[in-house]
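Two complexes, one shared chain (chain A), two partners (chain B, chain C).
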Partner chain A sequence: MTVAWCVALAACYVPHIPAEPTGTRVELGCVALGVAFRGDDVARGPIVVYRFVNRCDHRAVIDLASVRVLARDTAGREVALAAYDPDRELRALPLPARLDGVEAIEYRGLERADIASLCVDVGGIAAGAPRAARWICDGAPR
Partner chain B sequence: MIARLALALALAAALPALAEAGSFCHDRSTVLGYRHCRRFGAWSHPVAMWWDFGATVLHYDPQMIDATASAVHGGDVTQYRVIADPSDHRGVTALGARMASHLALPGGWLYIGAQMDLAPELAGPRLVADVTARGTSTTLDSASSGYVMSNEMLVGARVAIGGVVASTELAPGVRFAQYATSDLPDRVTAPVQTWFVLELHQKLELWLGPHTSVGVELGVDLLHTDAVEGGVTFGVHLEPFGGIR
Partner chain C sequence: MIRALALATILVPAAALADEPGHAPQDVNSPPAPSAATELGHPVTAAPIYVVYINHGTEPTCVETNDVVGYRECTQYGVWSNNLAMPPLLLDLAFRVRQLPLAAGPGIVPSPPPGTAARTATGSASTPSAALLTTTALRLAFGNGPAYLGLEGELGTIESAAGNDTPNLTGSMIGGYLVGGLRATSRSGSMGVEVAGGVRSLSDPLATVQAEHTGVLELRARGELWVGPWLSVGAMAGTSIVESGDWMAGVFVGVHSRAYGSRR
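Now for the complex of A and B:
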């Protein structure tokens, strides 16, 4: 019976293999971060995709709520964008040792078509690492 | 037995939803605020699976011995009720092997699993056989050459404290014991008994590496508090540090 249990449990398990971050790479202490910009058929604003890997043997706190986002419109004005988070889920969470995660977040405040360039400050994402501004910029994400 | 099999099958059907929420739920978008299948921060609480292999020692009170042996003599079945000699207070001690499988539920701290112990008896009391049909009793040699087998489900909670994982488990299950004696006639089956257990386990695991650990465990049967058990196990984890560190 125990063997049957083991087989049943094993059959249900979906193994997880940490992936290397894609996009622009940043090392933030234990956290390797990849940032990519893209559009989406559903979302109105630009979307930033964060892929992160904890390379340490202990937890690392990932704080995506700390990200500052600035967009420059076609007239050259700078506008601060805010994460679209209708359910107020966005918060700092621990990432277990040697595991990874991905989140795609839409930022609102300027229509995507009006954005000439977009910059995100990811310096605060790894909550345990020293805080320093780390700006990553892209052209107009479509 | 059937209920456990049904439960295992039910879990087999349900757990993929826990392991990979997208199996039954499809979102149009993966963007926060537009998806409904996967909450923000699912990466913080991975589903983890691990196995333990090792040695176990089981010990229980001689008063728990209440086994039955039977023999057929020309179509008549003779029942032998086998108990411990009341004057012999040695408990049954068995030392053997353990195998366990665990699956941590999303959230990381709660897990379920199954455990099997198979342990030859090292020591035990003298046995007394009551031959029911004859109204007589016979004292048998020591019950020191049988075996004890345990099959248990596990429901546990674990917490990481530095490099150590501390766990508390509740383990309902069935224990089976067979006592080998040389004093019963050859045509008589070996005395066997089966009983339910509800064990409380306390366990400590120390990480040897991201995917391996060593653990010690002590347990007591809440239904028969004179029955205790322990184990030393080597753990193999699919997720680094069990997804909890």
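Now for the complex of A and C:
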């Protein structure tokens, strides 16, 4: 009986090993962030994928609504893009200790075909970390 | 962490997110100047993302075809924060030694051990005064901050007995309790006190002792150390508030739903 309970409890314990962020990596205090760019068959604008891991033993606040996105069109003009958030979901949320998350967000303001380069300022994502501009750029995502 | 049984499968082709050859993302501290020499990004089309929620039957209740915010139908933004929507849970397994006082039973007086003279207590058959048990207990508790509340079940077997004679006593015990306590935490663990109240049943197939169904009110002290972000070990001891000679001591292993019980 004791052995059976040990086995049952051991089966419940599945330690979560957070996935390492892929893409361009940035360290923001407790948060390890990976940023990648891609397109989408349905979305009109470029997609930015954020993968983040909380490496601390306490929760960290993730604020993807703070990201600034700048695109340069083929004529060299700089255009600020806005996150596509029809349901007003983007907000600061706590990420539990030692856990990870991923979100993909579309940014609108220019058609993908008109974008020569795209940059995102992720310096404000980790709400507890000192706020400083951290630009990550990529070529034109189509 | 106590993880729910797997309910979703997410398939994302790695190629959809891998860096393409000759396409180097830049990390700079200011917006870049226009670069006519920048190679156009390689078009990357996201493969469909399938999130299948399997309910009690075999038919999926929701099939996701896009992982982009604003296009998803099954999952909300911020599912990675949902762990914090529930209070921290603790599931622990304890192994204990208990001593329980016993009442006189109506059954057979067992044979005395060899080499001893048969004796009877004044006016009644000889019965053991207390039983020593080994028990296993499973507890589910939840709580944020210093206070917690939980349910506990305990099973045990009688290992030996103490009394005027030492009969070969066998039997089992089953108990169910409601537990509430307070704890003081540190980086390495916690210490606290708790009260357990409930019902316990002791039975003996030989009817040497009276089958007891008794109420339980027990005061315990408990200490715990972290051995990992979601795993702790500890020890505890307790005694009945209402009955003398009723005590227990044991060790336990705990599995937590949040790293360090969300107490750091």
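The rule is simple: the second predicted complex is superposed on the first by the 125 of 142 C-alpha atoms of A that agree within 3 Å, B and C clash if a C-alpha of one lies under 4 Å from a C-alpha of the other, contacts with A are read in each partner's own complex, and residues count from 1 in each chain.
To be clear about the criterion, a contact is a pair of C-beta atoms (placed from the backbone, for glycine too) under 8 Å apart; a residue touches a chain by one contact, two chains touch by 3 or more.
Note that the coordinates shown come from a computational prediction; the quantities given were computed from them, not determined experimentally.
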First (chain B), second (chain C), both or neither touched by A:D87:
both
Considering only touches as defined above, state whether A:G101 meets chain B (first), chain C (second), both or neither.
both
Should A:A43 be classified as contacting the first partner (chain B), the second (chain C), both, or neither?
both
Which partner reaches more residues of chain A (counting touched residues only), chain B or chain C:
C
Just checking: does A:R55 make contact with chain B only, chain C only, both, or neither of them? Give me first, second, both or neither.
neither
Quick one: classify A:R72 as touching chain B (first), chain C (second), both or neither.
second
After superposition on the shared chain, which partner residues are touched by A:S117: those of chain B (first), chain C (second), both, or neither?
second
Do chain B and chain C land on any of the same chain A residues, and which?
1-2, 5-6, 9, 12-16, 40-43, 47, 57-59, 62, 83-87, 89-91, 93-106
Per the contact definition, I'd like the list of chain A residues that touch chain B in the complex.
1-6, 8-16, 40-43, 47, 57-59, 62, 83-87, 89-91, 93-106
Contacts from chain B onto chain A in the complex sit at residues 1, 4-5, 8-9, 11-12, 15-16, 18-20, 28-34, 39-44, 46-47, 49, 51, 99-103, 108, 112-116, 151, 153, 210, 238-241, 243-245
For chain C, which residues are in contact with chain A within the complex?
1-3, 16-19, 23, 25-32, 34-35, 38-46, 66-71, 76-81, 83-84, 91, 93, 95, 136, 138, 155, 228-231, 253, 255, 258-260, 262, 264
Counting only contacts in the complex, chain A reaches chain C at residues 1-2, 5-6, 9, 12-16, 22-24, 26, 35-43, 47, 49, 57-59, 62, 70, 72, 76, 78, 83-87, 89-91, 93-106, 116-117, 119, 121, 132-142
